[in-house]
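As written, the chains take the letters A, B, C and D, and residue 1 is the first residue of each chain.
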Amino acid sequence: MTSSAPTPTTPQNGAPGKKTLGVAAIGYAFMGKAHSNAWRNVGSFFDVPAFEQKVLVGRDAEQVAEAAARYGWSESATDWRSVLERDDVHIVDICAPGWMHAEIAIAALEAGKHVLVEKPLANTLAEAEAMTEAARAARARGVQSMIGFNYRRVPALALAKELIAEGRLGTVRHVRAAYLQDWLVDPDSPMTWRLNKESAGSGALGDIASHAIDQVLFLLGDTVTEVSGRLHTFVDSRPGADGPEQVTVDDAAWATLTLASGAVASVEVSRMATGKKNSLTMEIYGDKGSLLFDLESINELGFMDATVPVREQGFRRILVNEPEHPYMDAWWPQGHVIGWEHTFTHEIRDFLTAIDAGTPPSPSFEDGLAVQQVLAAIEESADAKSAIIQVSGH
Amino acid sequence: MTSSAPTPTTPQNGAPGKKTLGVAAIGYAFMGKAHSNAWRNVGSFFDVPAFEQKVLVGRDAEQVAEAAARYGWSESATDWRSVLERDDVHIVDICAPGWMHAEIAIAALEAGKHVLVEKPLANTLAEAEAMTEAARAARARGVQSMIGFNYRRVPALALAKELIAEGRLGTVRHVRAAYLQDWLVDPDSPMTWRLNKESAGSGALGDIASHAIDQVLFLLGDTVTEVSGRLHTFVDSRPGADGPEQVTVDDAAWATLTLASGAVASVEVSRMATGKKNSLTMEIYGDKGSLLFDLESINELGFMDATVPVREQGFRRILVNEPEHPYMDAWWPQGHVIGWEHTFTHEIRDFLTAIDAGTPPSPSFEDGLAVQQVLAAIEESADAKSAIIQVSGH
Amino acid sequence: MTSSAPTPTTPQNGAPGKKTLGVAAIGYAFMGKAHSNAWRNVGSFFDVPAFEQKVLVGRDAEQVAEAAARYGWSESATDWRSVLERDDVHIVDICAPGWMHAEIAIAALEAGKHVLVEKPLANTLAEAEAMTEAARAARARGVQSMIGFNYRRVPALALAKELIAEGRLGTVRHVRAAYLQDWLVDPDSPMTWRLNKESAGSGALGDIASHAIDQVLFLLGDTVTEVSGRLHTFVDSRPGADGPEQVTVDDAAWATLTLASGAVASVEVSRMATGKKNSLTMEIYGDKGSLLFDLESINELGFMDATVPVREQGFRRILVNEPEHPYMDAWWPQGHVIGWEHTFTHEIRDFLTAIDAGTPPSPSFEDGLAVQQVLAAIEESADAKSAIIQVSGH
Amino acid sequence: MTSSAPTPTTPQNGAPGKKTLGVAAIGYAFMGKAHSNAWRNVGSFFDVPAFEQKVLVGRDAEQVAEAAARYGWSESATDWRSVLERDDVHIVDICAPGWMHAEIAIAALEAGKHVLVEKPLANTLAEAEAMTEAARAARARGVQSMIGFNYRRVPALALAKELIAEGRLGTVRHVRAAYLQDWLVDPDSPMTWRLNKESAGSGALGDIASHAIDQVLFLLGDTVTEVSGRLHTFVDSRPGADGPEQVTVDDAAWATLTLASGAVASVEVSRMATGKKNSLTMEIYGDKGSLLFDLESINELGFMDATVPVREQGFRRILVNEPEHPYMDAWWPQGHVIGWEHTFTHEIRDFLTAIDAGTPPSPSFEDGLAVQQVLAAIEESADAKSAIIQVSGH
């Protein structure tokens, strides 16, 4: 190019002859913002099929229009059903509240749209089962679906998965999983829909234990056969609009999980752990090594290799920022850490890549259902004075 | 003193007119070595009543003689009963195995000796109750007794106790207690008496969960009303002298404890946590603050004060080495850390001081019994598929 | 909105009646990618004046076209001079190599464009002075300029600045600044332009000591009066295309800086610190408190408040992720950490905001020059056997 | 042993036919307390030749008598010269202030006593040279001597030494040594003899930089050829008995050291580093690995092995508490950490063992002199505006 005239940009993504995938996202609150950010950036770092951020859907026309402009969507809309009818929409990304998941997801799959749905899969086991059934049927027609357990795309946890799969821990014996937050510490913090069982399904259990349990399943490649569980609400009444209201979900939950392999996992979650902001910790103990992770230090993985001489054993802090680490060759030079938000960037990269390849993305709705079944068993055990309960299907 | 002649040393401990307390210790293995070390050093750092390391008692005459010389005792002996008859022995420190505690302790108390007994109080609840009864009776006669939960004398945990008692955490809501070790990771590690229920009573539960549970009780000043528990043996057969032998105790244990105050504590212990060497961790979450502790960093306490402005909140690492900290004005200048062994030095300092003052030392046999009752309830719950069990006395 | 028709997005940024700022960026390598990312995302998180990513400029037409498409620019171009002539370009962001900074920046300022230039300001002191002069003249005409010391926009360091400015450290006495990397550890790592004094100006000194020194100036709000310095090249020959080539820049540098306030700062930088990936550490010691920072844990600030009772003093780890923290109310809920890249997002947010307000952005070219003067003095001292040298202007 | 009669203890140390070594210690302040503690305990943990804590010497008859009783010495005395004349004293341990070292040590060596002297060797280079000469002469007569750089006996640093000697770091390129304390932060802290150049020799330089420099020499097995140094007094006047007095020693010091191998070490020490209590940190960077150490975490060593695959590289935290670690097989089971005081226990163990074997203990007075020469060169450089100075002998 010898001329000095500027060159208009042409889309860089996608192979020739492939159609550009139109994307619709539903919801523009916390998760909608996070997913939009991922859609806006994934193509700048990863080679993904060509796509377009077509339309953002929300209930409030003005707010969703503002959000669409801010987050990089070409259009906004308020009626998700009519969006499902559009021919230029091929992917539906569901960031709406949990009680809406089933209806939208099933309709979208039936309309032939690939579906990404935020976790948890649904508020009830029945809905989760229906969604899984719909996903199976759709998959047979080449329509893909995925549940958004984004922490599977934390590079440090993806590295943990690799190390375990390679046998570096030997036989995993026990796991300590915890997810501790503190945003409900103040007893005068007001009542919200999240603290009402009817709207939220459950409290810390569904919201954050779901992540912890999915990590157990993901990292170990195992299934849960039985559980003992316990739920507790420390502050059972909070200020509502018209006086005190009853909190009907758990503030904290505890469980032990028996895995098919014989391993045992403990799970502990709380929204009352003063000083812990967003601390999903995983400790995995095998007979040849161990791993430690804390989401508050998202770019680090602790690894103890018990096969080196005792004299030099110790947990090493791997800064998961090297091109050799999962997802990291797309980013910055070593030591230039990435943030929480890119768990979604990686998720969407993998989702798009699978769609392009015509292969089922992972984690599937089945994976989401498996987590729901464990959550349901924990609730059942909690109702039965913590007595051990078989997990559905086992 | 103008002359250059050397001056023979005269004992520095003890007030005039007070008798010198004669001490007998029973046992010279790990705990005997640790207690002897404390007796040998306590007077060099603390002002304690005058005492003498009279006699070390053990089964093997030659070995106990060698140990007595090495550890600073004037004599050795093999028959603990005749030692109890000696007029120059006023204190008996029992470091013998758990199954011997009840017999020796009760006899010593009846002989009018002050008794310090290593934890756990006994291998069975019945023995623990008998010992507690004997201690109550002896106390009425001015004969004191103490159970050796030495971790109450870790300066960082004593500081934690102070902060909680002063209300710095506000209402404590939940506690995470864990004690993780890894000395049984290797499945070819041989069978020992510690892995046999008959000789050891239990496995990780009695050995290390007892410490974790005592810390819950100590730090919160609370009692346990009910528990759900689980025990697991990952390696149930190990090489014995004549082929494989059955391991009949737990390698790991899990429990949730309901406290009288309404707080909930989780307890998790393991001898299979690869890379964790001696990691007793306590996390205490209150509505005004939190505390973190790890025995592997014995001189540190993590403290989160949630009453300071949010902008500057964070867990602070207190290096518990200042004269302002419990026990620390006796030691070295700030930053010159002390080791695990001095939990015993502090314990014996407090024991001697209480004897001198004629006040009951703490923790008492009642405190030891309270821990035994929780352990028993955990075993009972584990046998009942983890269903919640009332703790004896509640 | 009752209809189900989608609503096309209208730009959300900018006040009515304000023109949309056209942006040109020059360079698409590491820094070009990082700046592009910031331009692409800043409007999704912050309220900034309306702007457009007009054109990306680079030498290789094909590569820059590809980069422009990938990074969100409307056009690409190869001739930066003609871009400066465009009326629809109001901002020039210079990410080209250091030896090009002066020529482009001065031309852009003279063409009335606001200029953001990557650090270091220039490869020579003479160029830096000319640029600073041009910036002063332009500022008088309402044309703004800024040097890209992006680490001033790390929220944790911005918080550190606040705490120091508020007097929370009292009188700062000494500072330990270090920037340690390890990408040159391997002696067989090949020769590059970065290791040649003619093209790179200097080695670790200009590349990373510049950041460390800017932080000293930024955090303390102080100036350097004199320095002692030392440079060293551990591997002075590396494989080139046609055999070994001479490395003519420093692998590591050391300096002590005297500050006008009387404080003393040490600076140590290296590209040979095996295991340190991108570790800019700042330790600031005042008579009322101290601060610790490590870029590898970018979301954390260590704060020791020496005004609280000794018993509870300790470095606290502030997770700088609360809405109360600088820049953080725009991002995610607490504990959802952000990455290195957003130092640029914040930088561009502040740059745009200052342009909009017609106020000079900070850090200015003067600030960049101040760092260059210190670097030059360190080189001079290193040439004079480390003897103390007055910094130009002092 | 079938009888129940107690057996009086017989000394367990020492081989048959060897004489029991009589020990005299001079000084009963901080160092005297620490050394006495080591003498009192070394035989309980290590197999050492038979010795007796004969006599403690001090200026105040009453106080030294009290200290002797408290710390386990048989006698006390006030005249060190007459103690040197005793036939039953074979070892003299000098814990008196630095200005007394030369006179006592030389007299003791000439009297045929083995000598252990606390660091620094002396307050002046001339005295240190005379002592070294005396030690050489005594050694030829079988009389041994040792300088008390106790941190060589920190197990973690002894392990570091092993790893470096085995080549695990490859070629060491640079070292960062720092020793930070904060006991002089308060400007109203009173004047003491330690802050007066005449009595103390120097400030932070001699007191703590000496340790840091000795570690550089010890760990690398290298010598210093030239230095650049800087000294600073932040608070140059402090309250004395009769009004303000001039502080004539340094509060902080900085230096770079060139080593014979080509490595470069930086040294930074301060008594003004608020929040750092006793933080001697060593960072050693080689082309195959690195080591990190902090005395505040005395039982830990950070090790980065750069020869393992990049994917799993990271600093590992070795808890130096295994029987495989230097000195540790004598102590407690794994994870039961030891304290600062046992650096002296190990030192005396090695001293006694060398005496028994008739081999020169290490570090020798020559090693102490080498450190003094570096300190002197730093002072000289500081007086010469930090210009590089050759170290005496190089």
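Things to note:
Here is the rule we use: contacts are C-beta pairs under 8 Å (C-beta built on N, C-alpha and C of every residue); 3 or more make two chains touch, one makes a residue touch a chain.
Computed from a predicted structure; not experimentally measured.
Each of A-C and B-C has its own count of C-beta contacts, and the greater count is at A-C.
For the pair chain A and chain B, the distance between mean C-alpha positions equals 44 Å. Distance between chain B and chain C, defined via averaged C-alpha coordinates, is recorded as 55 Å. Chain A and chain C, compared by their mean Cα positions, are separated by 34 Å. Touching two or more other chains at once are residues 276, 304, 313-315, 319 of chain D.
Taken as a graph of touching chains, this assembly is fully connected, with contact between every pair of chains. Residue ranges on chain A touching chain C, taken from their complex, read 1, 4-12, 30, 34, 36-37, 40-41, 43-44, 55, 61-62, 65-66, 68-79, 81-83, 181, 183, 276-279, 295-298, 319, 321, 332-342.
By the touch criterion given at the top, residues 169, 173-174, 176, 178, 182, 185-187, 228, 230, 232, 234, 252, 254, 256, 262, 264, 266, 268, 270, 272-276, 283, 285-290, 304, 306, 313-315, 381, 384-388 of chain B touch chain A in their complex.
Residue ranges of chain A in contact with chain D, taken from their complex: 159, 163, 301, 303-305, 309-319, 322, 324-325.
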